[in-house]
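I have placed the structure first, in the form of structure tokens, so that the comments after it can refer back to it.
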Amino acid sequence: MSDAAERADQTIHIPIPDVLPETNHVGVYHGPDDIRVEERPMPVIGPGDVLVRTSSAALCAGEAMPWYHASPQGKTLGHEVVGVVARVGESVTRFKPGDRIFAHHHFGRMLSHQSLRGHFTIDPYYKSVRFDPGSIADYFRLPAQLVEGDSFIVPDSLSDDAVVTIEPWSCVLGGLKVCGIQPGDTVLVIGAGFMGVGFAVLAPLFGAGRVIVSDFNPWRRAKALELGANAVIDPSAGDVAEQLRALNDGLLADVVVEAVPNAKVYAQARELVEPGGTLHLAAPGAPGTDWVQDSARAYFDEVTVTSKYSADHHDTFQYFRLLKAGRIDPSGAITHHFPLSKLPEAFKLLEDADKSLKIVLRPDDLF
Amino acid sequence: MSDAAERADQTIHIPIPDVLPETNHVGVYHGPDDIRVEERPMPVIGPGDVLVRTSSAALCAGEAMPWYHASPQGKTLGHEVVGVVARVGESVTRFKPGDRIFAHHHFGRMLSHQSLRGHFTIDPYYKSVRFDPGSIADYFRLPAQLVEGDSFIVPDSLSDDAVVTIEPWSCVLGGLKVCGIQPGDTVLVIGAGFMGVGFAVLAPLFGAGRVIVSDFNPWRRAKALELGANAVIDPSAGDVAEQLRALNDGLLADVVVEAVPNAKVYAQARELVEPGGTLHLAAPGAPGTDWVQDSARAYFDEVTVTSKYSADHHDTFQYFRLLKAGRIDPSGAITHHFPLSKLPEAFKLLEDADKSLKIVLRPDDLF
Amino acid sequence: MSDAAERADQTIHIPIPDVLPETNHVGVYHGPDDIRVEERPMPVIGPGDVLVRTSSAALCAGEAMPWYHASPQGKTLGHEVVGVVARVGESVTRFKPGDRIFAHHHFGRMLSHQSLRGHFTIDPYYKSVRFDPGSIADYFRLPAQLVEGDSFIVPDSLSDDAVVTIEPWSCVLGGLKVCGIQPGDTVLVIGAGFMGVGFAVLAPLFGAGRVIVSDFNPWRRAKALELGANAVIDPSAGDVAEQLRALNDGLLADVVVEAVPNAKVYAQARELVEPGGTLHLAAPGAPGTDWVQDSARAYFDEVTVTSKYSADHHDTFQYFRLLKAGRIDPSGAITHHFPLSKLPEAFKLLEDADKSLKIVLRPDDLF
Amino acid sequence: MSDAAERADQTIHIPIPDVLPETNHVGVYHGPDDIRVEERPMPVIGPGDVLVRTSSAALCAGEAMPWYHASPQGKTLGHEVVGVVARVGESVTRFKPGDRIFAHHHFGRMLSHQSLRGHFTIDPYYKSVRFDPGSIADYFRLPAQLVEGDSFIVPDSLSDDAVVTIEPWSCVLGGLKVCGIQPGDTVLVIGAGFMGVGFAVLAPLFGAGRVIVSDFNPWRRAKALELGANAVIDPSAGDVAEQLRALNDGLLADVVVEAVPNAKVYAQARELVEPGGTLHLAAPGAPGTDWVQDSARAYFDEVTVTSKYSADHHDTFQYFRLLKAGRIDPSGAITHHFPLSKLPEAFKLLEDADKSLKIVLRPDDLF
């Protein structure tokens, strides 16, 4: 484990072996307390596929939600990644061995009802293709549809740490596009995990004025301030609405981003939106848990409720351009690096959701 | 009581007496079963005010919601009106006696936080000025702020019936502006009252493709079809989602307009929105009644929830332009005319919410 | 030649022969006065291609602009079509013989810079694939990229005449999406050819209030009125701005659609836009011809200038949905039908641009 | 003259004398080479007016365009100002003596055609009310309409220098709202005067990725870089399009902001827009000078042309919120401070348009 600054210049160029290893180290989720690194066969690529050598891959908090990832035979982990093309299938023209790429684990299609209405990510097709296994591995196969999909070469000017944020913070960017932020609006973000702070970091690029972050965790509140929030709120210190009004000229927030996967927090968040504002749901409640709100106020307050699942190719394109232009500095949000063999320890840190934001793993020989 | 066609050419020019009557007949709500026409003093106008002789005034379903209008001393009725200027205060320059006008009972202001973010109608100022008494009266005072507000002369080419729809259907228009209809979208309207059919009539001007209306009441379903809906659904005939899919290429609706003031219907309406679509709340649930939804689906379905209260000056401006251009024909939605003295009977019809849509009253001497 | 009404029920089902003819009749442009129907070999389809038997195909005014279509060896004509799948390549799964389809002659791609910014049609890829030969032919090959592209089965409820409007009026629909029409706006269309009247017919679906059409040709002005324009202007009858103001409460038009391929008319059209409005260019000036405007007014008038080339898959999707919902009736704009052998006569009518709008051809054996 | 840093803490609180001076020092433009500070009578305020003691007021480049400001009797200068309320008319309730305010010299109205379509500033009413005399003066009268208009108290946390940018950079903000910037877009600003650099500084708040500034003047190019531009272009160093492509992955700019008041530069700017992008006119060409462009490309390139004149109350509201939130730091763009008596020298600096951006004046006794 080492800090981001130390690693920044070590991450760009990684060697591709002439002879591939026979087995692949793969991170597998068998349950919240049973995370393993297993030896599995090296993926076999088809004519349109690409074999990617993982350079850096990150853990996603979504992978720590048991209801989301439970699978009897274990679930391979990882979809936030930068790697180098190790081998290409015979019909691949888009990439060549040695290319350093961002690989996106899902890709929409042009002609579905959902896609044609601008919602690529909720078309079932979007999730139907994925990495084999996940990117928490030494190597993974990028199937043909993703080779021709939302994967692209990244410049050396972007560190591994920067590139691994493309997938998760493109989700944030996609969310911000539906938040209806008007220039100068006050944005309250509830929950200062990696996604929450992402909203705080990116919201000013969408016109946000004051950005205020609420979290029970003092370490995360400090992180939010360090990464640019104007102010933070500690819900245990008193009424959140009152604290918010004290920071915001007596008003509630024009836009509230709810980034805690909990239906009860949905209801609390709703109370913090100034009439005429937006409540943006940025994290799912657990299936079967109810979100309850007053129906008269649902009508009279003119509060728009939006949500956004995952990131499409527009989101990554736009995030990538912002990243290259230096508009976003994600380095402060990458808090930990581990060798792949220490995945169980890294995953524990993720589940603790305490003094960490984004946790990055690298194959042991690259660490 | 007479039908709309008969009355169309009788409504334009009404006389202004040289000597005003001493008393005014005024419709007053004392309770759902206690609607009275009372004799009250003629309103006294100030320097900036205008006295309007009501030509036609309509009942609003909102006035039949006890929780909304309850008031110990009785609540004067009416805010949908066309009239003729009877007297003007000494400083009034905008209107002169004899002008036939649409008068709007509320008006926003330019510089509040809500107004500056585009939400004029939820700024408390908006509702702070109103008619004196209501427009269900022989005469009413238009206060100075409304004289300088969203009131304007209407051309003879528009019938009284057309002009009385400006206020209520401008609310519909304002709602449609936040529904996010994409060209060709299927719109389902739940509840075929006057506001619901208004959404059905106006939605095509905002790009709607198929417009489908759901209502338990067969007379209202027939009305919806007569006024242009592509199809109707009878919820008592089976599962609404199934009926909807059968009418819509197997899909739910891209946009669902919930026009029934009932929180339970909110929850049902939510189930009828295709992922990626919009649920628009067009009628308030009763205060204190809960709207319950699944929190995971609130996130994953990317269903945007919007609402819109009342109409601002942009809405009336735009509606008026559409009306003058012949893009909207509201005549079929005006189902009843009564003399003011028959207000109790008319109000009963409103409360029955059965075989009526918009009910118009005229002072007895003009009927 | 026969009128639209007569043909409406004859157009749906056409037979596919068991044995294909050896030669294909193909419309070819060799110059404005040299249009021929040539016998050419039947197209040979590859594994992913489809052979389409043309049912109805229309002429496009763009094909009468010599600078646009000049080609030494002759240019095959036609890209507005409805047909029936005659044969499919071995890998085709999307269509089967007998399917009645709309085939789009171009298709964008997901990942270009232009596409990712919403401009699919100006990405050079868009035009890189096309019919072989054109659709003014007995048969044409739909290449694999278009089989997987913006082509789709059409229901029997839509006549051939309706389906042939999908391509051209989807271009109109795409244009209207960038016109910035606000609800109730007055729209002036300059030029009442098939595209101009398309703007007049479709503008109300985008919120237009008054729609006024200007054209020197009295037959076309009458057509515009018949198809729903509120009023027409004859530029030879006096100053157009004055005529416009007389029809529009003293104002110029909020949105002016310039549908005449002539730079001088661009300059005239600019003078007819109310400050704060939009000038939409819906037809190209000839290359090398200058559009001159006053630079101070270009700044001070806040007139937005937009244009839109061709139609992408969103435009056709949306137009198709509107068509199926009955929101658009294009039948009055289809003015002529010819058998393919009479193409020279039909093309002369197109070039005359006088008493015709859309001209449809059918293979002789289907006429 | 002193630099911004030195002055920052001197500017907030200024004394209001118990007895007003009898004469007022007023900056008057009699011609480009004839700028005078004249002694004029102190303005007399009416019941709704306010007398403002100027604290800091800035020069605007628009005031150096002879065609814009020529007036036989001299034109009083100044409309970018922060001041303190010295006296209030008897009916004024919004402000009291001692309030430190931003005063806006123009204000729209709610109900004009232009305002109702969102274009407040081009409604002739907008400019019909103004300061008396200008704000380049010891004192000026704020007429009643502006007292009730877009003027507001500013917090001590904002320096005078920050507040004087509200008017001019709100114009920039208003312009950016119509530029159609998509997240990550490359923005090229042509002309690095105070307004041009304003676009460079503010564009990232509207989603801009790379911001590139072009100017012949090396001092201004350096300023643009210092204030946050990603790169600059020297048009005298070679073909601008080539330089732009070299900085932008081979592409032209998605959005070009033309901030030079010259029709020839309009034409050059047009050539630098990537197809599908926007050309935003941010400075007026001189009346009577022609902007010439190719009409075919005007159509085929799908380049949207926009402009924006001045700032309305939404723009100032939003800019003010951004300023309070610390999203904008205008201090580096305030390059000079002068006492009012040195106005001719200051104005010469403005006209030179060389090594200066914003020039601020203060009454001599406050300097």
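By written order: A, B, C and D. Residues from 1 in each chain.
The definition used in the following text is that contacts are C-beta pairs under 8 Å (C-beta built on N, C-alpha and C of every residue); 3 or more make two chains touch, one makes a residue touch a chain.
These numbers come from a predicted model, not from an experiment.
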A student comparing A-D to B-D should find more C-beta pairs in contact for A-D
Taking shared numbers over all numbers used, above half giving same and below half different, the chain C and chain D interface sides are same
Approximate Å spacing (C-alpha centroids) for the pair chain B, chain D: 44
Express in whole angstrom the distance between the two chain centres, defined as the mean CA positions of chain A and chain D. 40
Chain C residues touching 2+ other chains are 182, 185, 317
Which residues of chain B touch chain A once you look at their complex with the stated criterion? 113-114, 117-119, 121-122, 178, 182, 185, 251, 254, 263, 266, 274-277, 281, 283-309
Quick check: in the complex, which residue numbers of chain D touch chain A? 173, 177, 182-186, 204-211, 230, 317-322, 324-327
In their complex, what parts of chain D are in touch with chain B? 108, 110-111, 116, 150, 313-314, 317
